[in-house]
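Just dropping this structure here.
Letters A, B, C, D and E mark the chains as written, and numbering starts fresh at 1 in each.
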Amino acid sequence: MRPENYEAQRQPPSYDYELNIGPNHPGIEGNYAFKLRLNGDRVIAGRADAGYLHRGFEKLMEGRLWIQNLAITPRICVPDPVPMEVSYCLAVEDLCGLVVPERAQWLRVMQLELSRIAAHLFIFGGHAATTGMYTPMFWGIADRDLILDLFEEMTGGRVYHIYNIPGGVRRDLPDGFGERVTNTLDYLESRLPDYDNLLFTNQVFVHRARGCGPISQQQALEWGVTGPNLRATGLKFDVRRDDPYLVYDQLEFEIPTEAPGDAWARALVRRREIKESIRIIRQVVARLPTLAGPIRCPIPNPLAWNVPAGSTYTRVESSKGELAWYVVSDGGERPYRTHVRGPSQMHAVQVLEQLAIGCRIEDVAQIMFSLDACPPEVDR
Amino acid sequence: MDWLSAMRLDALAAVDFHWLGLVLELMLMPLIAFVAGLGLVLMLRKIAARLQRRVGPPLLQPLWDIIKLHAKETQTSHGLIHEIGIVMAIGGYVAAVTLLPVPGMNGLAQQGGLIALLYMTMIPSLGLALGVGQCANPNGSIGISRALTAMLAYDVPMVIVIFGVAFHFGSLNLVHMIAAQQAGGVATWGMVQMPLLALAGLFALQGMLGKQPFEIYVAPAEIATGPMVEMGGKFLGGLFVMQCFQLYTGGALYVTLFLGGGEHWLTFLFKVFVVTAIPMTIAMVFPRYRTEDMVRLFWKWPTMIGLLGIAFVMN
Amino acid sequence: MRDIDHQDRGGLLGPLKNLSFFARQPITEPLGPRPASANYRGFHLNDWDLCIGCSTCQKVCDNAAITMVKVPGLAEDPAKGIRNLRPAIDYGRCCWCALCVDLCPTGSIALSREYVHTCLDSELDSYFILPDARGIHGTPYPKGWAKSTDADLVALERQPMTEQAAAVRIENFAEIVAGYDANQALIEASRCVQCGMCHDACPTHMHAPEYIRAIWKGDLEGAVREIYRTNPFAHTCGRVCTHRCETACSVGHRGAPIAIRWLKRYAMDAVDHARVKQIAAEGRADFISGKRVAIVGAGPAGLTAAFDLVRQGHDVTVLEAQAQGGGMVRYGIPDYRMPADRLDRDLDIITSLGVKIRYNTRVGVDLTMERLQAEYDAVVLGVGLWMGRSTRVPGADQAGVKRAVDLLRAVAAGEPIEVPQSAVIIGGGNVAMDITRTLARLQQQRYGEVRITLTALEDLDHFLADADEIREAREEGVQILDARGPQEILMREGQVAGLRTWGVRSIFDPAGRFAPSYDPADEQIHPGDLVVEAIGQAADVNLLGEALTEALQWHRGRLQVDSQGRTNLEWLWAAGDMVRGPDVVSAVADGHRVADSIHAYLSVQEHAP
Amino acid sequence: MTHIDQVPTPGAPLPVEIGVKAGAARTNPFARVFDELVRFAQSRSLFMLHYCTGCGAVELPPAMTSRFDMERLGIQPMVSPRQADILLITGYVSVKTLKRVILTYEQMNSPKYVIGICSCTVNGGMYWQSYATAKKLNDYMPVDIYIAGCMPRPEAVIEGLRGLIENIRTGRADAWKDYYRRYDYYLGNQQRLFGADWQTSTDVIAEARHYDLFGPATLGAHTALLEQHQRPLEALEMRIEIPELMRRRSRSDQDGTAQ
Amino acid sequence: MTNELTTWLDTLLAELDGIEVRRTSRRRLRVEVASDALPALLELLRGRASFVHLSAISCVDWIDAGQFELVYHCWSYEIQSLVSVHTRIPREPGVYISVYDIYTPAAFFERDIHEMFGVWFEGSPDLSRFILTEWDGPPPMRKDFDSEAWVNQHFGWQDYHPDWLKDLEARGGGIAVPPNEQRFSRRTVDET
């Protein structure tokens, strides 16, 4: 029962020692812990310690109505909540056989991509901060806030939007929203050179990031790495393109890849993904006015909604990687079982443990942030 | 001249006056350094804020921080050595600032000289090492070992620079150096006379102040601010005071060596603020190097520049 | 944005370009909260005038954050579906998902654009708020997330009921509505938000939320079980109930109320009759009390009382003057609304429990009340309203002027009646509609055309008949004239030739008394071979006999009873239409009340020394 | 957690006694001015512990960074509990986190302030059915201010902090004293959740004595239990199974080289 | 390409007993397999059909049937198809074989399932506590663990009594329906 206490510790004389990073540590993303065994500055072994954010989501969801669960799903991954909402809705729609109106699908795409940009801006700052540069963090979060403003207007909430509902979305866009999205995107695009100047062409940052925590493609496949981290190893795979959902097969976008698979490659992939997301949103903004029609198909009264028995596995591409829900219904008004597969379940645990071995203590935080590991996804 | 020689006659009185002056200096100079240091800390935070596109702290923020920290009602001490370490940390800088000649007060500087000053600036690191070691926090230990490594790293160019400067002026007395520089206006400034050494000195200053890219021993994301990790209340307050002195010492030393010291307080402080603004600004746009990178860098470029500078100086 | 290669080393000058930010203004927002967006989900607002206290928000709240609080002084009206409950919200639970807004049946709940609330530990009570239209701190903030058609989760559309087309149904007496199929019933049942307003509004407090839920779950037997908790006339009420529940239904505040009556009809029809009998018998006492109860009149009230009393182990005999049971349901409601075979099922279930019905036994003629008093421990009068009232206009006593109840009874009993070629009906209630449409069918069958005029005192907005009835009657070719006051029956050659009416100025005088005033200038003649008066009924109390009539207390022509349906004589109860006025479900409720009272009386008697 | 039966149920919170020595007004006018100055400095300089306990933490970066710039109010993040004044509990605390939070809280130097953000710190929030999260924060430590929302926007957070600043300046934010004075109550709730043998490295009772914050409810049935279970501090057991990790590493290395 | 896959899987039927293949959509394949044949099937999927990515292992507690259902979601980057392999094992004693030697990511999922459901995976590298290190109750994701009962046993709730409520109570009003009486956020008794 006694928690760690360094003050009283008297370690046996040894060149090895152990060090806790987290849960209360700025080098850790969120409330998470990573225990290190070190020899000097060099990590001999690392061990992830999760559960600080455990809420028992899957248990809670078994006790709530299908629609009540909407409010809880985005909480699973705080920095990038939209894919959680959307994928849960996709799962319920799949089980019920609901056909989502096209306008709603495009709105979802817009929301997803805005969220992806926001998450990437967030993680840029975090990644830079782990190397001691705080300015990108301040910028990134301030620029991300402009996207949150858009979210607030679109969905009524800044962070937790609860905008999706099985069958569609809950609100149509306010007037003139497309224009404001375009303005924000223009602004963000005008800011990207600043980020390049500050971060991506910064010799010191490049020096720090290049070669840090490299993953080969073989290892990536072996360890179940997904998302930008996988693309940074050179594999051109994106759920949006290769297992398309919503209307991604009607959109034009590139899938950026880098071969070396180190922290620098991962940062570069994210940097280019922002550009691609902006491109996607511009297509959506151009397309939306041509799509009249409902934003939600008729759904039953939430208090009396039995979802047909069955199971489904829906995957989406979140900003961190492959996100999937396995939802089982026994034909009742509540899910029989939900299981969420967050990309960070691999990245923050096995991959991080593997990459930590042999690296320097300086790089542990950078590796974690460059993997964009999101602890609440692990804990659930 | 007459009244000067007349005063010399009364040797006893002169000695008395001299002693009084020294005591006054001893008390005034740290106070001035502290106040100027508060301003420097504020400038540091304001520069950060500006580059980060925000407003930043109010004017007296550094002062409130220090008062608040000292007014903590419970204090966690890790033993006598811990407390002594902090005292050493502040004391070293207090001693150092008294050895810095400032406009109107150079009596102690006359006595001390550059070597004594350099020696004094080493003490805080050692004191911190003592104090932090007592805390038994591995983050602190790593931090202080990094700080000592960093000291090793930046001391090489720094010693070279100081050697070169001393060679140039032919003296280790800072008062003499200032006098020599002020003799011919800007043209006789160390910076103009020894540009390479001034450049190397700027590197060393960056390292000495521990700013990015050489911020390895604070490194919040890695070792949770290293030496400060176990410091709270008056201990942290002590470190905040130390930071004031540190910024002031670094800036004033550079101004003394290369920018001709201060003709009067206005220009002196102006120069100090300008000089310290440079590392502060650079710190905001660069990340930190790894320890080994930092050592490698310091032993390579500033050292080479410094050596080249010495070569020029010796010519 | 230029591409960066992985091999690029970057530079040291690039970062220094950002020194230009020294010259740029900060982007920091001023201190103090910014106004939130138009859709913002801030603190709750609740329009108390719109809120009906249905507690749907409480049900949909996933965090159990909502408590329903009784606020004295607010309007409370079960019949209209308004409770004096208001939601109080626990901000220690709320997650601002706004599902309460989206599912609010009335649209009273909204979220404001206010979002700042802080408090000390000692003020934590302020996290539990009773939102009203003024918001959490009493400062006006505009609405944020509010009810919108996009987000509305209340299903406002009712499942359409299949009906015979007017041209088809006018040809026959088959039931007009087809009833829901399984899928329709499921969807319709799923609309229910389980507020229980229907339960409160129903005279007999049927467990409608429960049986609707059971239907939705596919547990039809469970639904029947829930129905039989309070209503043995389930088939009947599934068809001809006045469905006050639907008036009170919270979904009906903005959309079509749940078709509670049709759902009951569906559940009853969908379960096998034999199984219904078993379910109805559940919970029946397995002993015999030895007490005997006589019930005069086998209508809904009497038989409900009989049903309850039999289940409690008493011996019940029902005395019915007509040849068949069901009372006014059988003899007053035409077959196209209430098929006789369904009524037979209800009766079958009741008799299967052991209720004895003696048909063709007219009390007062075949046996006297005194004898009943002597032979039984308790007697219930449930004789209904069988005497049609007359307008008493000149000529109303002619043979060609009939009372609606008499005609309807004759049709239902299969007695031959003379179908007029054209007819005028006086009255705007459901009975008037029934006779009108019955005659219309007979005319159609006999003459191939409908020639009926219906006149009523009330204007169309205040008709007592259901709107559906009026619409359907019109579809069937009936001419409906509102605000007409009958003045005289016109005669030609000793035969009724029509009705003369004046336009109505007002029905009630300023004191609210019934005193119609007419506009003589607005005179119309409605030709017709037959004039039917359908302006109300009264009970035929001749069976009581003079002595008993004297002994009983009367109030404005009605037998006076206490809240339990008991008269001033301890052995005599009265129930049903004769006490409550014409309404099936009220009669059922009355039957329960009387049965309870009798049971209590008999139990006390038993325990008395 | 198995020892609930051994733990007496904590009683209702006692009222905080008024007029305790430490809080009494000083008569010396200079001392009063000095007190004012200190309180002002305390209110204008707040170090916030950089600890994201829950999802509300995601609105703190915006509040700290350029858009809403907390530093205007003299608030800046600090990484170590020793340095911090404010412990922001940003939303739900899982039981596992709560232990660390309590440790952290006890390690902080007084005066220290706890801010409960989001619904979850008040009454369980949306995780009220969860076996893994604590429900009422003020059962385990005294809370100075609550900020409503799920999660509160940065502006709301800043408004809450301004409220706290005002309370500190006027001397109303002294909930931390309550932890010493009613340690038994808080310890009791902690024991109820963590088990009867729960203890922390900070000797709160001794601190209360030392700083003259000892109250009648500092000691009680639960502190007695604490003493009963007291055992010497022991070294951290981390159990990093290196052989297994090395085995995995070597395996992946082989795979990598095989390619 | 996907048709090839089905035919290929059909040929597998000859090799392994008890396989039932059903295509649920263009890129989804549902395979039911007996528990003893699963490792062999996964070996084949990974080795011969390029299903190198184990997306997740899900566990479902079918308490009424007394079984745990384990679902292995495997994705092929080449065929671009997801195969969900379902298998059932008895709930008691809840022991199964690890597939860690086939799929490395299985280590995490097996550890997670062991923690949440109490299923023991023979041969998994590390089944030590991970998320619930400080939990000594039953595996919480099992259907027979009642989270809410546990919560009510360990925690109290706020006892609000604000002024407006006192006022209402003085006037004869007050709390009429507490939230727990009417809510849909828990399986109610009548359903179980």
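In this section, a residue touches a chain if its C-beta (ideal position, glycine included) is under 8 Å from a C-beta of that chain, and two chains touch if they have at least 3 such contacts.
Not measured: the values here are computed from a predicted model.
Common neighbours of chain A and chain E under the contact definition above: C, D. Contacts with chain A and chain D are shared by B, C, E.
Chain centres here are means of the Cα atoms, and by that rule the chain farthest away from chain A is C. Ranked by distance of CA centroids from chain E, the top chain is B. Between B-D and A-C, more C-beta contact pairs join the chains of A-C.
Overall, the chain located most centrally, as judged by its C-alpha mean against the mean of all protein C-alpha atoms, is A. Chain C and chain D have centres, each the mean of its CA atoms, that are 58 Å apart.
Rounded to a whole number, the gap between the C-alpha centres of chain A and chain B is 44 angstrom. If each chain is reduced to the centroid of its CA atoms, chain B and chain C end up 89 Å from each other.
Taking each chain's centre as the average of its CA atoms, chain C and chain E sit 47 Å apart. Contacts with at least two other chains are made by residues 6-7, 9, 18, 25-26, 51, 54, 56, 59-60, 63-65, 68, 71-72, 135, 138-139, 142, 160, 198, 202, 204-205, 207, 222-223, 303, 379 of chain A. Shared interface positions of chain E, defined as residues touching 2 or more other chains, are 104, 132-134, 140, 145, 147-148, 158, 184-186. Contacts with at least two other chains are made by residues 50, 65-67, 69, 72, 79, 81, 96, 99, 122-124, 126, 128-132, 150, 153, 194, 239, 241, 248, 252 of chain D.
Inter-chain contacts, as defined above, occur between A-B, A-C, A-D, A-E, B-C, B-D, C-D, C-E, D-E.
Residues 1-2, 4, 95-96, 99, 122-124, 128-132, 134-136, 139, 192-194, 239, 241, 244, 247-248, 252 of chain D are the ones that touch chain E when the two sit in their complex. Contacts from chain C toward chain D in the complex involve residues 26-29, 31-34, 36, 43, 62-65, 90-96, 115-121, 124, 127.
Put simply, chain A touches chain C in their complex at residues 64-65, 67-72, 135, 142, 149, 152-157, 160, 162, 170-172, 174, 189, 192-194, 196-198, 200-207, 210, 258-260, 264-265, 268, 271-272, 275, 295-296, 298-306.
Against chain A, in their complex, chain E makes its touches with residues 24, 27-28, 52-56, 58-61, 71, 73, 75, 77, 80, 82, 84, 103-105, 107-109, 112, 116, 130-134, 140-141, 143, 145, 147-148, 184-187, 191. Within the complex, the chain D residues that touch chain B are 37-38, 40-42, 44-45, 50, 65-67, 69, 71-72, 74, 76, 78-83, 85, 107-111, 207, 211.
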